[in-house]
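Have a look at these structures, which come just after this line.
Common to both upcoming complexes is chain A, partnered first by chain B, then by chain C.
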Partner chain A sequence: MSSVGPAPAGPTEGAAIAPPARRPHPAGPSSRRNRRGSRAERLAPFVLLAPAVLIIVALRLWPLLLGVNFSFTGDGDRNGMWVGLDNYLTLLDDPLFRTALGNVGLLVLLLPVAVAIPGLLATFVYLRVPGHRVYRGVYFFPAVLSPVIVGAIFNLLLAYDGPLNTVLGGVGLGPVDWLGDPDVAIFAVVGVHVWATFGMALVVFLAGFATLDPSLLDAAKVDGASLPQTIRHVIIPALSRTIQFVFVTTMIGMLTSMFGLLYVMTSGGPEGSTYLPEYYVWIQQGQMNQPALASAASTALFLIMLVVGLVQIGILRRAGKEE
Partner chain B sequence: MSGTRLTKWVVAVPMAALALATIYPLVFTANVAMKTRREYILDRFSLSDSLHWENIVKAWTSVGMSRYFLNSVIVVACSVVLLLLLGSMAGFALARLRFRGSSTLFLGILAALFVPFQVIMVPLARIMADTGLVDTYPGLVLAYVAQFLPFTIFLMTSYYSTVPPEIVDAARIDGNTVYGVYWRIMLPMGAPALLSVGVLNALFCWNDVLISLLMMPSAENRTLMVGVTSLRGQYSDDIPTFASGVLIAAVPVLLVYLFLQRQIADGVTAGATKG
Partner chain C sequence: MKQRTLWSAALVMGLALAAGCGSAAGPGSPSGNSGDKLVVWDWKSGDAKAAGYVEKAKADFAKKHPGVEVEFVAQPFDQYYTLLGAAIQSGKGPDVILFNGGGQIRDRADALAPLDTYVAEDRQRLAGWDAFTKDGKTYAAPVTLQGHPLYYNKALYEQAGLNPDAPAKTWDDFVKNCGVITEKTGAKCFALGNKEGIGIQFFLSALGSATLTPQEYDDWIAGKRNWASSDVKRIFELWKQANDAGLNNDGANSTAMFNDAFAVFQSGKAANVIGLMSDVGHWKDFAEFLGADEVGVMDAPLVNPAATPSLPYDGGIGYGVAKWAKDPKVAADLVRSLTSTDALSAFYADGGAIASDTTIDLSEGGPAVKTIVSEVKTGKPALHVALSSKTVDLMGRLSQQLLSGSITVDEVVQQLAASDKTG
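Up next, the complex of A and B:
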């Protein structure tokens, strides 16, 4: 890996991208004559893979190592100097980063809700609730919209003098400062994220249901099982792999795809109450010009994701075995 | 029996309400975009009495959305073409060619799938700056390709694994080189998967804001999503123009969704059923 320098990698890749695809035409006739075993033929898999592997190594795996290494060096006056764990200690001292970690904890707590809602809805769609043909298409739509668009729309809806408060005022409630109250804003943003993404999990659940053996449900019906019983004893065990997948991807989504919402809706405020690690990384890199500190926050985020992911898989596996 | 039917109807009411709640925000925005500022201030909900397309025109011309739109189209088109080309080449090699180290390579690519952009963005920004690719189309395209290539390869590999090996063997016996098999047989055969992965990648790139913010600092190179975020500050007192900008950015996605919903869902669920 060390032979692939980061600096020259970029432009040479750009040049290497086109040729392999064009090669078949000039190479075709000659190698057609001397059939298999020719050098060009044996190299073919590597030629086909080279551009992709080069890009992935140079622009994804190499930066990962670079970033971890970077997180142990200093910013500003101490640029490039080895500072050990200083950046990590700075992070733990920074109230903004601590808020970000606290918000990650909140997301983990809300995770079962964010999985249960699409799970239940998918169950009802699968059981052919009236209108089931329409719901899938409607629910899935916000999931393909950019967080920026979703955030911008909810900026309008949730404004202090906006429509939602007008409606609440009409029934004698509120007004609530959805995006301006430090105790409320993070819930508003997470709520919007769940609104925007539950359709994604719903579609995944429905794909899981498509593999479900219908005779299981018929048997449950014959035995006179109620709906909650059917869900608990038939559907959950049969879909355990899908549920696992949704848990992990929903968690990854919460930790890595809320930037757009935060950027548009709150910019981390009010009073830093809606910071998440990814937003912290962006601020330190883009606004505060502290790339080494940002790298430490990146590495911390990566570790958090690994730990949360592995713990989740562990818990879900064990729960699956008890069934 | 009638009991479960009743339950289904009881459940259908909140589900229908949720469906409305899912659609309404966009309808609201479209309605606001058609109002004058005065109309919006007086009443947020009333249907616009006449369609004020001048908001859309203003957002498109004087606010610069047309430039951002063009930037996005160029970058997304180049990224998707490159992703499909490189992804199908790699997927074909991994799924249907025998060579040493193929499973190790596949695992390495799978590992890259789990490295989120936030974790590599600081070093990546530095690499792009060092190579002079910051603030250029090729730089942003390369960043998108690097970001979405592992996913593309993963899906193309699992798709090509379902192609019977006999097809490859027969094409070889007919005198095709490996490259000929890829270009004349595998690429056309991959069309359904390429469409699905291509649409999904187009959405990912079109919707992105973080990578674009990082790679395109100057105003004239903004992509459409970054353009929308910049509208917020500029037009906070002119909500109909702001809503028009949002609408311009959302409509292409809506159109793609209406025609290719199934392909998008297929791409999203492929990871779940094959992982």
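Up next, the complex of A and C:
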């Protein structure tokens, strides 16, 4: 390295000497203009990025930090006081919050079902079962309804004296208190959520099918593969990236946008069995007047989402490399 | 090239500045402290049913202070206390504020000006002051009264061959009558909605005065609650027994009190319901379906011979004056206009609320209203209103467990006692 030392001196010296020599030339002003132009160009990216960065910092990161900070302070008489991890200990001690976390686990377990349903239906539409054009439209229809409307509809359908129980009674099955039985209610709500949102996943799957090479299907048919075999060995491998994408979006949807349904259908009940963290946050903040505890719950929810998100990004990246 | 860069830079700067403005201004920062303008926050004035009330109150105030402008800002109720919390934190906001009585106003009394000197003249005319009082100081003037009468459907009683004008005096007779009604008409005894855990609140308060001794009742309201007492346990046992005996409509845990349970009563599928006095689920709503003469109100049937049944009620909503109001005297005058007899008459007639004013003419209201109003004088604060919102929330969930049979009354009482102690 040291032997190379003197070498750069050459050009530097040259550069130091060169400008004075050029100065009298008429090219001078133009080079100044170039320099000014390059400064504008150097600043342009920052200026262009500023709105996005400002919005993210001012409306996302700053409130996030405030919220995390707030979660270490107390409520009520201890408002504004530093209480360390008290709020988090309260959370862990609260059976309601533990139920909410348990329900998050349940959602993760139910995720494959929520992905398989649109996947299977999209397969049938793609394979042109009779009436597939109608189904394509019908399946998407619930996706345009707001959760409140969906919740209200299913409140009527699933009522104890509602149509579903009447039908069940007609075939000799006892009535089920769909939204009033703590062991059933969470499945009823998740089921409705899947019904209300699978249309979007279905469209994504259909888009994935559009990239599928039909000759693979023909080859499978020639080889005498049954439908399950075709799905298992042709469709699933070919659509692996689509499936992973749907997994990610469905998970996010389940964890962040069930509030409306919960609010309308069960209000977190019966017996608190359908609480999810975001509903818990809302109750503590809006109903119990405990904003600091709610901040702690939000921070916990944020950490859960962060872990889930990072795991999913990791999976997606690995899948990307495989291809 | 350079021109374009400059333009886009300018555009971007403009956008950035606009974005900055949007976040800095924030929602709801009324400039209500400008001296000759009063800003009122509530969740009522946007309602068409309250239009007459607001108009009368404004007219009354304009007579006293012609130069002062009044602006009503109707906030959505589900966000109301969140928005108000933000205003209180920043120390500026509306001059006159609508509150629910009880915990909601007591929790925020620090932000309000005591009104005792301004409203002295209204003391006798209005009822329900207790719900707006903390440590002996009054922070708002009551507009409506809220409570939990036991309503019954006179037509069903008649159909079952019972005398609709002589409802049962004791719990045992009440249950017996219900048996007859169910047998003869197919209607259930109680319309109950406990999806949100509200059913138990109404039940506790409606049957409390028929179960607790007067001493126990007053102690409860004063904060000396003995959860281990057999009379307190008795209320929760009744709650469970009533459901086990099939007195309630099916699926009470999945029926919303607002308004599915009331719909059960209105459609004649249940003979009794514990309802409200004001706003919704009350005599006026029921009268629209059943006819004003068919809606009866009975005293809580006696469970404990040592008890004295009374109407459970509190001040429902009331207007207070913010601490930061420039001229509290003028703001208090607006509160007085908002609780004037004229304005409250309009509220009673249009909105169907039992107004706090005891001098209002009720001759048009039907028998239920007359019974309720006649019982206001002997009434007492409702039991559940005295509990913290945390305990009430827990009670809701435990009551659902009682109905589904996954918990015992002893465990319920223990958990509630523990919650009541801490919170």
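We take it that the second predicted complex is superposed on the first by the 252 of 323 C-alpha atoms of A that agree within 3 Å, B and C clash if a C-alpha of one lies under 4 Å from a C-alpha of the other, contacts with A are read in each partner's own complex, and residues count from 1 in each chain.
We adopt the following convention: a contact is a pair of C-beta atoms (placed from the backbone, for glycine too) under 8 Å apart; a residue touches a chain by one contact, two chains touch by 3 or more.
Source: prediction; values computed, not measured.
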Query = Is A:181 contacted by the first partner chain B, the second partner chain C, both or neither?
reply = second
Task = Please work out whether A:41 is in contact with chain B alone, chain C alone, both, or neither, and reply first, second, both or neither.
result = both
Ask   = Which holds for A:287: it touches chain B only (first), chain C only (second), both, or neither?
value = second
Query = When both complexes are superposed, which of chain B and chain C contacts more residues belonging to chain A?
reply = B
Task = May I ask you to decide whether A:59 touches chain B, chain C, both, or neither, giving the answer as first, second, both or neither?
result = both
Ask   = Which partner does A:259 reach: the first (chain B), the second (chain C), both, or neither?
value = first
Task = State whether A:131 touches chain B only (first), chain C only (second), both chains, or neither.
result = first
Message = One more residue to check, A:229. First (chain B), second (chain C), both or neither?
response = neither
Query = What is the contact status of A:272 with respect to chain B (first) and chain C (second): first, second, both, or neither?
reply = second
Remark   = Footprint intersection on chain A (chain B / chain C) at 40-41, 44, 47-48, 51, 55, 58-59, 155, 285-286, 291
Inquiry  = If we count contacts the way the header does, which residues on chain A are in touch with chain C in the complex?
reply    = 37, 40-41, 43-44, 47-48, 50-51, 54-55, 58-59, 96, 155, 158-161, 175, 177-182, 185, 266-267, 269-272, 283, 285-289, 291
Inquiry  = Please output the residues of chain B touching chain A within their complex, sorted ascending.
reply    = 4, 7-9, 11-12, 15-16, 18-19, 21-23, 25-26, 28-29, 32, 44-45, 82, 85-87, 89-90, 92-94, 97, 99, 102, 105, 108-109, 111-112, 115-128, 130-131, 133, 138-139, 142-143, 145-147, 149-150, 153, 172, 175-180, 182-184, 203, 206-210, 213-214, 225, 228-229, 231-232, 239, 242-243, 246, 249-250, 253-254, 256-257, 261, 264-265, 268-269, 271-273, 275
Key: Parts of chain C lying in touch with chain A, wherever the complex brings them together   = 1-2, 5-6, 8-9, 12-13, 15-16, 19-20, 23, 78-79, 81-82, 85, 107, 195-197, 250-256, 260, 389-390, 393, 396-397, 400-401, 404, 406
Task = Using the touch definition up top, name the residues of chain A that touch chain B in the complex.
result = 6-11, 13-14, 17, 20-21, 23-24, 27-28, 31-32, 35-36, 40-41, 44-49, 51-53, 55-56, 58-64, 66-67, 70, 121, 124, 127-131, 134-135, 137-142, 144-149, 152-157, 162-163, 166, 195, 199-200, 203-204, 206-208, 211, 227, 242, 245-246, 249, 252, 255-256, 259-260, 263-264, 277-278, 281-282, 285-286, 291, 294-295, 298-299, 301-302, 305
